[in-house]
Each structure stands twice: as structure tokens, then as C-alpha cells.
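Okay, here's the structure, questions in a sec.
The first chain written gets the first letter, and so on, giving A, B and C; residue counts start at 1 in each chain.
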Amino acid sequence: MAEPAQADFRTRLQDWLPKIVLAPSFAVTLLFVYGFILFTIVLSFTGSKMLPKFDAWVGLANYQRLFSLPEWKIALVNIAIFASLYIVICTLIGLMLAIFLDQKIRGEGALRPIYLYPMALSFIVTGTAWKWFLDPGIGLQNVMHQWGWESFQFTWIKSNTMAIYTIVIAAVWQTSGFVMAMFLAGLRGIDNEILKAAQIDGASNWQLYRRIVIPLLRPAFLSAFVILSHLAIKSYDLVIALTNGGPGRATAMPATFMYSYTFTRNEMGVGASSAVIMLMTIAAIMVPYLYAELKEKK
Amino acid sequence: MASSVSGATQDSAVSTGNVTRVFIYLVLILFALFYLLPLYVMAVNSVKPLAEITGGNMMALPRDWTLEPWGAAWSTAQIGVSPTGLKPYFLNSILMVVPAVAISTVVGALNGYILTKWRFRGDTWVFGLMLFSCFIPFQIVLIPMARVLGLLGLAGSVPGLILVHVVYGIGFTTLYFRNYYAAFPTELIRAAQIDGAGFFRIFWRILLPVSGPIAVVSVIWQFTNIWNDFLFGVSFGGTSQPVTAALNNLVQSSTGVKEYNVHFAGAILAALPTLFVYIVAGRYFVRGLMAGSVKG
Amino acid sequence: MRGYFKAKMTVAAALLASTAGMAAAEDVEVLHWWTSGGEAAALNVLKEDLAGKGIGWVDMPVAGGGGEAAMTALRARVTAGDPPTAVQMLGFDIQDWAKEGALGNLDAVAQAEGWDAVIPAALQAFSKYDGHWIAAPVNVHSTNWVWINKAALDATGLGEPTNFDELVAVLDKMKEAGITPIAHGGQAWQDATIFDALVLAEGTDFYKAAFVDLDPAALGGEKMAAAFDKLIKLRSYFDDNFSGRDWNLASAMVINGEAGMQFMGDWAKGEFLKAGKVPGTDFVCIRFPGTQGAVTFNSDQFAMFNVQGEGKQAAQAAMASAIESPAFQSAFNVVKGSVPARTDVPDTDFDDCGKKGMKDLAEANTAGTLFGSMAHGHGAPAAVKNATYDVITAVVNGEYSDGASAATALAEAVAAAQ
């Protein structure tokens, strides 16, 4: 009689085992991601200064203050400029390099790690080199002058209006190679028979890519967009390393704003409200994407 | 064009003219130079004496080669009160990175396995919720995380750091493995089940042996992210600070002569492990991406 | 087998407990951002001193942004319930932490050694909360100094400037001579350091009303507008490349004659001395024109956190006592370029600028013209300080064309941050 009961237990265990194994990850996510997001939302309605304090409720005052601060407005304008340029340029460069690398290039094995390696380095490592490169007195401008091109000018990092573009350059440097790898993987996944059939039909290379290859890369485009947009919103290290938000506050971004209000200005409530706005932006991009992606596969 | 016959993983079948090819090579090489530029500046200035740096051209090759800055950065540069160089901090980083990468990869593999081969009601919701953890800005979790680590008694310790990195890494690793295993024929799993193989046995015997490419992606991704982390290390590392925190102390010192050559040598030293991983495993990276995350 | 294993475990546990206990009894853990050679050498004096008393030193350096990164790490440590023994801290941060109830009590040491009598009242305002000692001041930096290249000054044919008009005359001459008149680094705190001096030059009462009492009328008034107008004037003497420059690179410009002068706190002296320059012959140190007799200061202090356990508290008290010993005060400050935090330390080991600094400090202390520097977090809490940074930096970067509108913006920003 014991036999079937035990078998029954075994199958039931087998049924439950996957959920038991998955449960810790899920629990940890609930606490450390959603619990902390909730914590931040609650915090944004308190008058917390130095450390979290949940005894002084201020309603929407932090949000009102946030949107009255010129620095936050600058940060919003900056993130709009930065994110759009960064995403577009990275995608274009990544796609171009991937298509070019896909042409049976000699030395692909050497080029690929060169394109990829910036992703391996943090801006704590490369920050000084970038600062040098962009500084007119030491960097590109100075080098060009020493090489005899006296009229060469490159002073963006010192300019209120242009400094944000130097951040785009460094950010593109860091991630465009990674985007290239994603497109390259996508290209290598395309069945050559389709391409050959099209070529036999007399399609030119340009038509081939525009009409067939690029539409087939849709998943890679989507992945690239999602990764780049969240990297853009989270950009913190590179701003600190390159300009520290300057000249003046010309390159302030939401992430630097949030850090500075939470940790150096002792206005934790305002910092939390800016974090909530950032999270909402990320969610607005991510949720439709996740929904579409996960729906498709059902 | 004989080579274009072979399968889908080969190079594209598109053929190009000679002029176009020259142009393509030119563009590829120009971009390679662009990507190499910061590394070149760092490397070339790390072997110059300081005097040559302050007066000279940042692109020029050194007139007097010296390896002193490297020695200094490694073992004698001022990090805190004592001139220890970066050396002792490497061990801290390794003690933190290796377990964190291993745990998050194994957990991600199991999660991916469950979410594709042992599906249950609401599994896409579970996955979607877990995935969102990839996108949370780390600055906002600092304070609540500190509280939780304090309650767990893990504050200021390496196990605490490992926990933090695993928590915020499993979103990515689960994504990678889930997309990879989704392409694996479920029929094989069912057949093994009928033969009486259990949950772990199927994972161990059938899925794990084919997981190489995606494991490489997961390891590379986690390794670089965790190695490069500064914020968590400096906040939760206590007295066992990782090498990024030490590098920060080296290059950010507020007063005194800035020894740029030592800074650059230190920066390259701190980056060597991640550089090594990218260069050695880089080719598997594209292959793994191809097999997993991009095809989706 | 099992018994053996168990026995081994117990031994290991006992070992662990005993070493942990020992560490608790005799170590101090110190969070600071003094990581450059000179600073670390100065701090080593303290470390050695404590080692002589059998107290170990667990170092926790976090450099960057004048302590900003360190303060973030500290917040995580305190939230986790695991604060360091002592933390290097500036001005209002100490008071803010005291308000959170995170700091310990040094009254016993302070009373036994008579700190009340020898530490200037302006410093005590930061080292005491609610009448209790909570921090041990290490030094006093004064921030209203001008560092001038002697050769460049002599070339102008003019003397040391004593008011703003004379300063402008000297700067014009330097410009004619083809050098950068003012070496400046465009970072918020450096911008604010200059502005502190300009506000102080408008009068000591005005400085107190605006930057200590935060009186809205003073902040938005005519004198503030005048100070901003002078800042706009000084701005025209910077070179094109000033933004983001570190202060020590600006000092280097004065040292090698590329620039005429720098407005910077006394820590700049270390750069000149290290370059082998002699005060009085190669460079001159004067108070910012119009501020002679008054001193704006910032003071590095070690805030003592609420550590648990008698052994730890004893080690903490011993550290506080060592910090305030006249021998350490002299040794540390000679290396660091600052002046001692207590007024009874002999000035024999200090150089000319250091002696002048100590004399000025003592005079300002008795005359009641010793003020906390707004730029360095000793005028008002961090929120207000950073609000003033926003406006001052905007002015330095050309966002305001006249002082009056900047003054209005300053009053608004400060009001909003309170």
C-alpha cells in the first residue's frame, strides 16, 4: 500500500519542485525591487532630509518643489537631448559596423574585441583619459595644434551649450560596439537562402538590406532600444567623470540630480520624488515592450 | 563565392565590389582607432615620467620609458593612510566577484529552465516582474538596502556585497537563460520525463551540457558589471573595499601633485581582468547573443 | 568523526569570537577622504600616536568630491546600524548628524582636558550639540586668502591690493602683461570660495546677516547685488579654459607664472611649498582685499559616532584626546597647511604664512569677526549651501548679466531650500 502513496508524493514533489526553486528569486525580487520602489514612493511624500523619516507627511510638496527647480528643468532638457542622440547614433553606428563586419572581413576576430572592449570599462577607469581628450589645453585641440593645425578648435566641454554633446560622444564610444554585437548576432541568424533568392531576383545590395535584412532585424532593434534607453536614463558615472554636471549645471541629468539631492544636499524627499519620476519614465518605456514581447510568445 | 553556401551561421551572402570593400575597411579601421583612443592615451602616458606628461603631447610616444608608475600603482601608491597600492584590493574584488557571478549564473540558469520547461499559470508575469529589476537605478536602493543588510547582520561584509550583486543580477541572467532555453526542443524534456528523469536530472544531463554559449554571455555580463561597481562596494564593502573604490581613492585625491602616470597605470591594472575576459571570451559573446537574447 | 568535527567547529568559533572581541576593544575605524600623500602623512601622525597607546587603526578612505562620496558611504553605514568610530566631517554636516541622534558624547574627555577654554567659540558651534561635545576639531582652514606670484605683482609696479579698486588695477596690469590675471577652477565650491570673500568684503555684519543668519533682506539686497557685480567683473579675468579645472592645477598656474593670482584657502600653500617656493620672495599671501581683520574658516573635525561597547568607547575617547593634544595639533597642521584648532599651540614650527594665519585667527576670534565659510559648509546646512552654489555658479558661467537679478535669485533659492 505504501508504494502508490510514495509515488504520489514523488510526482507531487516533482510538480512543486520548479516553483520551490523559483520562489527565492521571486521573493528576493519582490522585496529588493518592488519593496524598495514602494519605499521610494512613500519617501517622496515625506519631508525626509538626511535620513528617511516617516513621521512628517508633506503631500505633494516635494513634487511641487521638484518642478519649480531650474536644475530639474535643465536635467529634463538634457536627458531628452542626450537620450535621443545617444540612442539614434549608437543604433546607426552599431548597425553600420555590424553590416560592414558581416562582409567576410579579414581580421574580424581582431576588430570585434576592439569594438566591444569599451563596454568592459567603467568611467572610473576611463574618466581621466576622456577628460584629457576633451580638454582644449591637453587634449584633441592641443594635439592638433602641436601637429601644425593651428586653427583647430575643440572646446565643447568648456561651453554651456555644447558640453552635453561631449557626453554623447563618450557614451556612444562605450556602448556602440555592444550594439554592433547585437546586430551582428541578428545578421548571422538570418538564413542565407532568403538573401540569395533575392539576389537572383536582381535586388541591389542597398535594396537587399533595406527591404529584407533590416526588417528581419526587428528583434535586435527592439533589444537595442530597450538597453540603450535604460542606460541613458541611468547615466550617472559618465556625467560625473566627464563634467560633474558642469560647466555650471549645464550637463545635469536626472540621475545626477537625484543623487545630489538625496545624498549631498540632504533633501531626501525631493531626491525621492525625482527618483519616482525616473522610475515612471523607465516603466513607460519598459512595460509596453515587456507586454508585447511576452504576449507574443504565449 | 564558394564559402557562402554553408549554413546560416556563416558570413552574409551579399557580395560587394572592390571600391566598396576598400571603403568598408577604411570605415572599420577608423572606428577601431576611435575605440582604441582612450586606451592608447592611458597606456602611453602610464609609461612616461611625470615631467614628460605635464609639458608634452598626450598622443606622443614616451621619450623615456619607465615602468615605475606601474610598480607604484600596484604596490606603493597612497590609497588611504598607508601606501599599499592597489594590490590588497584585488583580492577583495575577486572574493566578491567570483561567488556573485557563480551564484547569479546558476540561479539564472535554473530560473530560465523553469520558466521555459516547467511552465505554470502566471509564469510570464513572474518573469516580467523579475525582468524589471534590470532597470532599477542603483542609487535609489542604497538606503533601504543598507537597512536590510543591517538587519541581516551582513553590513560591511563580503557576503553582504555578494547578496546585493546576486539580487540585482538575476534579472539579467534569467533573461539570458530563458531566451536561450526557449529555443531548445521541449519534446526532449518530455521524453526524458517519461523515462523517469526528475527535475534536477533533466537540467543536469540535458540542458546544462548545451548551455555553454549562454553561460559565457551571462558570466561576461555579470563579471564586468560587478567588477566595475563602485557605489555598492564603497557603501557596503566596509573594510574590504573592492578595487574600484581603491582606484577612486587613488585618482580623486583632493590635494597634492596629481601623478597622472600612476593614475593611468592603476586604471589599466584595475581594468585588466574585465579586459581579459572580453578579449578571451569576446568571440563566444557574439555567438551567445546570437543563440539567446537577441533572437528573443 | 562527528565528535572531532564538532570540536573543531567550537575551537574555530571561540577563536573567531576572541579575535572579534579584541578588535572591538582596541580598534578605531576611521572614515575620511585624506588620501593624498601630504594629507595621509599628516593623518599618520595620529595613527602612530594611537598605535603607541595600543589602539589599532582600521582605515576606511573614500575620496572624491570633497567628501561627498564619503558622506554617501557613511549614510549607508549608519542606516545599516554599523557606524565607523570616527568620521572626518565639515561644519553643518556634524550638526545634522547630531540631530539624527547618531553621534556619541565626548564630554568626559573635553572636561578633563579643558577644551572649552582653548577652542574658539566659532568652532565649538560645530563641535557641540545641545551643550555636549560630539566632535573633535582637527584644524582651522581660513578661506579668504589670495596667493600672488611675487614677480608678476612686482611687474605691475603696484603694491599689494587692499581694496577692490586696487585689486582691479593690479589685474588690469597683469592682463596687459599678457598673463592670465586670475587662475581659477570652475567648480561650484571654488566659485563659491571667491564669492564668500566678496561678501565678506562688503562688511562683516553683512556677511553674518546674509550667510550666517540667512536674512532674506540681506540676501536679496543692494550689497549682495554689488558683490555679484564684482564677481561678474572678476570673471572677466579668468582664462577661457577655467571650467572644471582642479584647484591645484590653478595653483600651478600661479606657481609657474602663467597666471597672476589665485583666490583659495590656505591649503593652496602646500602646493607652493612643494614646488620649492618661498613665502615673501616667490609668492605673497594676503587676505582678500577688504577682508583684513576678518576670517572665514572651515574646520575639519572628527565626528564621533555612537559606538557600542566600553572598549570601543574607550578607544574613541583616546582618539579624541590624541587629536586635541597640542603636539599633534602642531605636527598635523604644519604638514597640512592649516592652523591648529586650539589657540594655545605655539607657532614655532610654522612658516610665515602659517604664523600670520594663527595671528589672524586669534585676532578675529577676540574681535568676533571669525565666521564659518558658506562655500565650505560652515555658514548654513547642505541644502542652503548647495542652493547658493547654484546661483553663484550660474553667475560665474555667464547666466546672469547683472548683480541685482542674481541677488534676487539667491534670496529665492535660499528661501526654497530652507
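What we mean here is this: a residue touches a chain if its C-beta (ideal position, glycine included) is under 8 Å from a C-beta of that chain, and two chains touch if they have at least 3 such contacts.
Worth saying up front: this structure is predicted, and the values here are computed from it rather than measured.
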*When subunit C is left out of the picture, which chains can still reach each other by chains of touches?*
one piece
*Would you mind checking which chain's C-alpha centre is most distant from the centre of subunit B?*
C
*Most C-beta contact pairs, which chains?*
A-B
*Take the average of all CA coordinates in subunit A, do the same for subunit B, and state the distance between these two points in whole angstrom.*
15
_Centroid of subunit A to centroid of subunit C, CA atoms only: how many Å?_
37
*For subunit B paired with subunit C, centre-to-centre distance based on mean C-alpha positions, whole Å*: 38
*Using the touch rule from the top of the page, what residues of subunit C touch 2 or more other chains?*
65, 72, 75, 79
*Residues of subunit A that touch two or more other chains: which are they?*
51-52, 263
_For subunit B, residues contacting two or more additional chains_ = 142-143, 145, 248
*Touching residues on subunit B, where the partner in the complex is subunit C*: 78-83, 142-143, 145-147, 149-150, 155-156, 231, 234-236, 238-239, 241, 245, 248-250, 252-258
*Please give the residue numbers of subunit B that touch subunit A in the complex, ascending.*
3-4, 7-16, 21, 24-25, 27-28, 31-32, 34-39, 41-42, 57-59, 107, 110-111, 114-115, 118, 120, 124, 126-145, 148, 167-168, 170-171, 174, 182, 198-200, 224, 228, 230, 244, 247-248, 251, 260, 263-264, 267-268, 270-271, 274-275, 277-279, 282-283, 285-287, 289-290, 293-296
*So in the complex, which bits of subunit A are touching subunit C?*
49-52, 65, 68-71, 131, 135-137, 155, 157-158, 160, 243-244, 246-250, 260, 263-267
*Write out the stretch or stretches of subunit C touching subunit A in their complex.*
65, 68, 71-72, 75, 78-79, 96-97, 99-100, 186-188, 240-244, 381-383, 386, 390, 393-394, 396-399, 416-417
*Hey, which residues of subunit A end up touching subunit B in the complex?*
14, 17-19, 21-22, 24-26, 28-37, 39-40, 51-52, 93, 96-97, 100-105, 109, 111-122, 124-130, 132-133, 138-139, 142-143, 146, 173, 177, 181-182, 184-192, 195-196, 199, 205, 208-209, 219-220, 222-223, 230, 233-234, 236-237, 255, 258-259, 262-263, 268, 272, 275, 278-279, 282-283, 286, 290-291, 293-294, 297-298
